[in-house]
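Same chain, two partners: subunit A is paired with subunit B first, then with subunit C.
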Partner chain A sequence: MASCRYQVLLLILCTSTLVYAERLHEQIYSSIEGGAACFRRLNGTHQAGCSSADNGAVGVVHMIKEINDAQWLVQNASAGPYMAVVSTAQFYDVIEIFMQQPANVAGILLYDNATDSPTAFSQESRCPNEYSSAPGNTCSSTVAGGIVWNTKGTGLLRRNIPFPIFYLPQSKSDEIDKIQVCYEKFNLDKSNQKGNPLCSLQLNSFMFAAVNSEVCLRRSASSALLTPTKVCDPLGDNNVYYSLFPRTEETKSSKSVTLVTARIDTASLFDGVSPGAASSVVGMVTLLTAATTLSQLIPAKDAKLHEQNVLWTLFNGEAFDYIGSQRVAYDISKGVWPAAAPLSPADIRLHVEIGQIGGALSNSNDSSWPFHAFVPYSNIIPEINEFLDMMTSNAKPYNTPVITPEFTTNLPPSSLHSFRRILKNVTESGELPEVLLVDHSNTFSNLFYQSALDEYGKIRFNYKNLTISDTGVFVSTDALLANGTLKEGDPQVKIARLATALARTLYQTVTGTAYSGNITASAHLVDEMLYCFLQSQACRLIMAADYASSSGGESPPAVPAPLYVGVAAWAATAPVFAAHLLALLTGAQLPANRTVCDTLAEPGYSYYWLRGWNHSGVCIQTTMNMSAAVSPAFAITDYDLSSGMYSSWTESVWQAMSARVFVSAGGGGAGAAAGAGVAATLLAAALTYWLHRHADRIFATPAASIVNDDAASGILRTVNC
Partner chain B sequence: MDLTRLPNDKKLQLCRWYFKVGCLLLPFVWAVNAVWFFKEAFMKPPYDEQKQIKKYVVMSAAGAAAWVAVLAVWVTVFQLQRVAWGPTGDSLSFIVPLGRA
Partner chain C sequence: MTLAEFFSCSLLAFGAPLVMFSLTVANDPVRIIIMIAAAFGWLLSFLLSSLVWYAVVPLRSYLAFGMVFAVIFQEGFRYGMYLLLRKTEEGLKEISENHNIGSNKLEMAYVSGLGFGTMSGAFALVNVLADSVGPGTLGLHSGTEYFFVTSAAMTLCMILLNTFWSVIFFSGFDEKNYLKVGWVVLSHFFVSGLSLLNSRELYAATILPSYIVLLITAYVAFRSAGGSTAKLVQSFSSRS
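And now, the complex of A and B:
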């Protein structure tokens, strides 16, 4: 009974202590939610990105309102280290100050402010993927002068940052207000900070990997007894490709192929924030829409009538030294891509890359959308001239696009670099002619290249939210323009016009005659697609294109799917969405139920049981397929990662990322406690010494028997032996 | 075990035994031996076995010191050179540090 009581008491004591401890913790710290941390990536020779110390980085909050604040922080501040709280508008001006003198900088909290938005923001290098460029590239991020693509790029994505950086999006402005209040209460007296309680921030983003890919992969592979820890993974995902007509081993030789490519992925410095509107999404959506339109112009059953085929390909991982296109070019050189019916370079009649074309959408409100076609040949290549002429004539009705050719081997970042390096013989001679469509000439028109701010607003996208019929029919662009839903200047209309021109051009290439019908790409489809990739994956298209089997689960989150390529071990959702959209929009709908659908196996096709427009399930026959977008560096055995031949990016593993704000003690209390501790120890020692000396005054002289040596050693013996 | 309670021949036997065990690459046993029998070897009034005990104590102490020196050099070299050794350094490590070279 008594023991039971004690147990109850103990339980109460324990729980009350626990509860109290939690409260105390909450009283001290206030966590900052919704932040995205900069993390570490590694390539063959370097580490890039950020990491905090194992237990987080702690610093005194300092709000950076102007450059002087940053200079004060690195030069004059005394209570350091400091956490700089910087808005995106200020970031470009102050980051170099912090990078040059990081001694007093514990970290940076970057926030996006609705009222003070930057005119440019890009953490990509001034010459993206400079070291994977083909010969002829003159862009240099280190040498001053010359053409630089990304003029406002800080290059942080490729540099080792000696402190952690966290990013808070606009939606989390209340967290910044919280820090601001704390800052104003404690830290405003700049000259008198040392020794006083100060508002402080702790950022925790400890990265496991270090040095370079070679070292971290080696450490991940070696399984020591105590630490079977994986410290990094290679970057990679899937490429998506789809051919207008099925390609099989038997039929492939009879048709030459026009390769049309774009990229899926983008990047940013921060985990989970990679919107990529102008950087990649506009190009990808143009490709998907053009492919859809071409499949409507030429029915797949006409395959036997035509001598030409079109292979649409979406590369993934292009932001990190062209992972996807390097792999495809490498596989073509080895004669193994696509797996079912490998292409040889001689089969490719023309390679058209839809590069970065979204930047110019932010500039104009009218229907103009100027293009530049980069042609890396000095001699005349008939296929390219023909293609550009056809594009121009097909665009005539709308005056969009107007294409200016640029004859130079100094190409903007694009998959052409991979083809020109790996398939050098055929691409440089013009046997495999290549042309790149972008919306800029010497410098990017997109000033937010691969950044957290490359959002839908930057391309003036405004979702119209129109319903799609049960049969998957989209409202035509002309109808939307006529009823005033869309205007000529809207990105949906511009992209639809471009896709129409591209589809008709390819129609002309395939059939040999100009298109005379009235099928055009639908701006409604473009509207839905942009919404899916830029605003919410819980959108009509993705819901319809998802596997029917996954319909039991909850709908996807109402945020865009991340477009960062991610690690090869995890399949990202964006390429799967793109692949399924291609299947649904271009594939043939078969009257088969699920069981029959799963058993179909006509060569050149694959079959997907997707949810369909009315969500009842539909069997789709498609030529769409995916291939690994993992750098050849990780596919070749004994590849020297430091050679720089292929992309060698890996991403560090981390355990937790967190940020919290608290008021750090001034140090007075801790000093007093230490002083009191020392005094108490000294006092106790003195007292003990005095008692020892004067024991006889307190205790009576002990009886003789107790101090008997024999007895004492007897006890010792029993104890010891 | 209380050495003072042990007859002298047993002491010698024990000391010799500890020395021999220490020869099996167990320098800590040597160190224990040296410390444990130090008083017996050098501070007790002379007795027959003391000379031999002294010999074992000195040899144990020297052996242990040699071990300490070798290990200290190795630890210093390893800590300073592990990163430079690259793959060798990693494979020699039982716990590879996270987040740094």
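And now, the complex of A and C:
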């Protein structure tokens, strides 16, 4: 370290590159970059998630290698509080120890280790969205044991965590190495930590909101008079829907509708890390691909020939008590959804939900993909039986999927719960029949449900990076299988076949005859779509489906768009991508230039000027539209947020999230400074006092004063200025 | 341990100068003016040396280069301070209510030295003190937690040295005894040069010789001011 005085010279004019010329601050602290913090959400009655103290949580680093380390930390450690550094593989085993005895725990730094990956990892409840379930639900997260959907779920997403948690992905393993080096240098002597310099961590993720949604919304509103401070925002975003044929107020009554739904969003405990591969993306991509295929099977101009319509809907915010589907069911009950031509429950012939279907993709390498169709009726509903029979027969050529019906009202988490609660009269009686397709029976096959580790590798996805022609033609599945690019067991092929079966089944429903052509869903399209949602939003599809007007801007970052629903005040990008993909892939391309495109207005359609496959701009005519996915709780005036009727989740506001590692002082330096300081000051005081008091005796009297007394000095003295 | 460190280090570095100020300077407005003027003089010298450091781009990364110029400019301004005080002494004495102010010619030297030293100490330590608030201390890359206390001790040493240097320096010029002036300049270079060793974490090698130089300088200053050891001892015995 540079000298105490000449360092300053460089501190003030700090441009030098020498090691000891760095800011002292940089010598003391090393920030941990790329971490994602756990944050706070609130519902009508509770707060959930984490918050640090206002100025961050500080603790001594302790690397948790086994359960004993965690027990030592909460019971025997003396230099506390401690910051536990835990790998994802250890997390499930130790988190309950920390949650039970949090007194000595300052926080947790969770890291993902390439060599030691967990077999299961889910911070979602054992029974996701348990308190928004329809009657008949038998899953209970509070009862120990029993059959639950999410067996390895810790429930942290729904619990109040008394300390901050940060997550470091695999790509940031060098940060963990940094902490490891510091830990080994200072903290290894476990019995002799107190009073010595120790490697420490500071995690800063202070959350402004507290207590519950009602309190934090009141605080957000009431302080507006003095200083406008917002402490929480309702969760919400947009639902996306698209109908095969245009629906207008005049023509809607002539056609009954098959509602096909899936969800867009997923969640995780950590900010910005919600990959959701098996949890939601496979279902969404299946729906988008099937919708694309059906639009190829039935041209939109044939609308007048058919008595049926198909309404494809993507719900958003489903991870947090079914925000999107609750809103849609609520709006249907009020007769206001979709806005242009509202549906009544009687118009809906059948509701098919594509639920969580990605989990089983991780298990098998062959073409098998077993499905379970949850049918919440004890009596026979002809529409459902017919649908399942058609699915089975359409899937026959590929042996995928094989669907096993499950006749139970204990439904897995899905939008069916919302419809069965809010539209109870029609759904329970079977007037509005509902069926749910998932790939599991009693418990999830996806062991990473709504977690930071639910990544593309978990569904064995391997991007093939094939080029798309200028006209938007995708290579067919059969061609890709024939040239060996893809194999039968690849998720792209499986999803394409499921989408084909679904599209042909819906073709049969709409036209009344089985499909005899040879159009199938393309595994190439599935490949691109999975890549867009799981690996990089700077992908071919999203570039083509973006607004042409934004072509001047920079391309989106090469990371997946977050699939967390986010707050209603901010539109997330993932639903916009899904919506534009639907428009581009299913809509009709009109030979119109941009100005003409902007003036078009045929009822039932909307018009988008998108970039197109060759990025020159295309005018798309589509029936796609979006509707608000904000819980009815925030739409109804004077709604009692604690009633539990509708989703009441809000997200806290925060200012900054940061983590840094440093060495905390053992106290030796401060002790030495205090001792020396007191001694030096007392000595100086005594000496000065003595010399000052006896100055006339100790110091020789000056030889002669330079100044002589004269008249002028007398004058000045009287002036006394 | 962090706030404790901040206050302990502040006490170590500034406790003694504060006591000296309150016992000898604070009761006389003219002395306060002189002290502030000297502190301002130190600031000017520092501004000039930083300008030189900034202008000579190729040598910027060499700490010793900046140090040499800083010492030269400080001693230059100490001489400027001497000239200024000798020129204004009469006037100051006139406006002062304390007519004994000029009774010892080196009184002004002591006061201006204290001002010089306090300002240099403040500049040396304030950045360090700001980081001592914590929660961290040195040690992650290099250094130990004793960095702060050694910095504070060095600062105290420099403040006291500057005070005594001024006394010797003024007396040297009054008596035309250039040996004293030489001692001031050389010991300043010596102590500053020693502090370069801090970058190698040789704290003891810096502090011990610096305090030895401080003791010698203090004694020389005491003698220059007309003090005698015999009378000092006498003052104790007559009291007891």
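Following the convention adopted for this analysis, the second predicted complex is superposed on the first by the 645 of 721 C-alpha atoms of A that agree within 3 Å, B and C clash if a C-alpha of one lies under 4 Å from a C-alpha of the other, contacts with A are read in each partner's own complex, and residues count from 1 in each chain.
Operating definition for what follows: a residue touches a chain if its C-beta (ideal position, glycine included) is under 8 Å from a C-beta of that chain, and two chains touch if they have at least 3 such contacts.
Everything numeric in this text was worked out from a predicted model, so none of it was measured.
In the superposed model, A:Y531 makes contact with neither subunit B nor subunit C. By the touch criterion defined above, A:V211 lies against subunit B but remains apart from subunit C after alignment on the C-alpha atoms of chain A. With both structures placed on the common chain, the touch criterion links A:V661 to subunit C but leaves subunit B unconnected.
Of the two partner chains, subunit C is the only one that A:Y29 touches; subunit B does not reach it.
Once the two complexes are overlaid on the shared chain, A:I698 sits against subunit C while remaining clear of subunit B. By the touch criterion defined above, A:F444 lies against neither subunit B nor subunit C after alignment on the C-alpha atoms of chain A. Of the two partner chains, subunit B is the only one touched by A:V231; subunit C is not. When the two structures are aligned on the shared chain, A:F186 is found in touch with subunit C, with no touch to subunit B.
A simple residue count on subunit A separates subunit B from subunit C, and the partner touching more is C. Touching of subunit A by both subunit B and subunit C, each in its own complex, is seen for residues 713, 716-717, 720-721.
Of all residues in subunit A, those touching subunit B in their complex are 51, 54, 206-211, 215, 218-219, 222, 224-227, 229, 231, 713, 716-717, 720-721. Taken in their complex, subunit A has these residues touching subunit C: 1-13, 15-18, 20-21, 24-25, 27-30, 58, 182, 186, 197, 199-200, 202, 660-674, 676-678, 680-681, 683-685, 688-692, 694-695, 697-702, 705-707, 712-713, 716-717, 720-721. Looking at the complex, you find that subunit C touches subunit A at residues 1-2, 4-5, 7-13, 15-20, 23-24, 46, 49-50, 53-54, 60-61, 63, 66-67, 70, 89-90, 93-95, 97, 102-105, 120, 123-125, 127-128, 131, 134-156, 158, 192, 195-196, 198-199, 201, 206, 225-228, 231-232, 234-235. Contact residues of subunit B toward subunit A in the complex are 1-2, 4-5, 86-87, 90-91, 93-96, 98-101.
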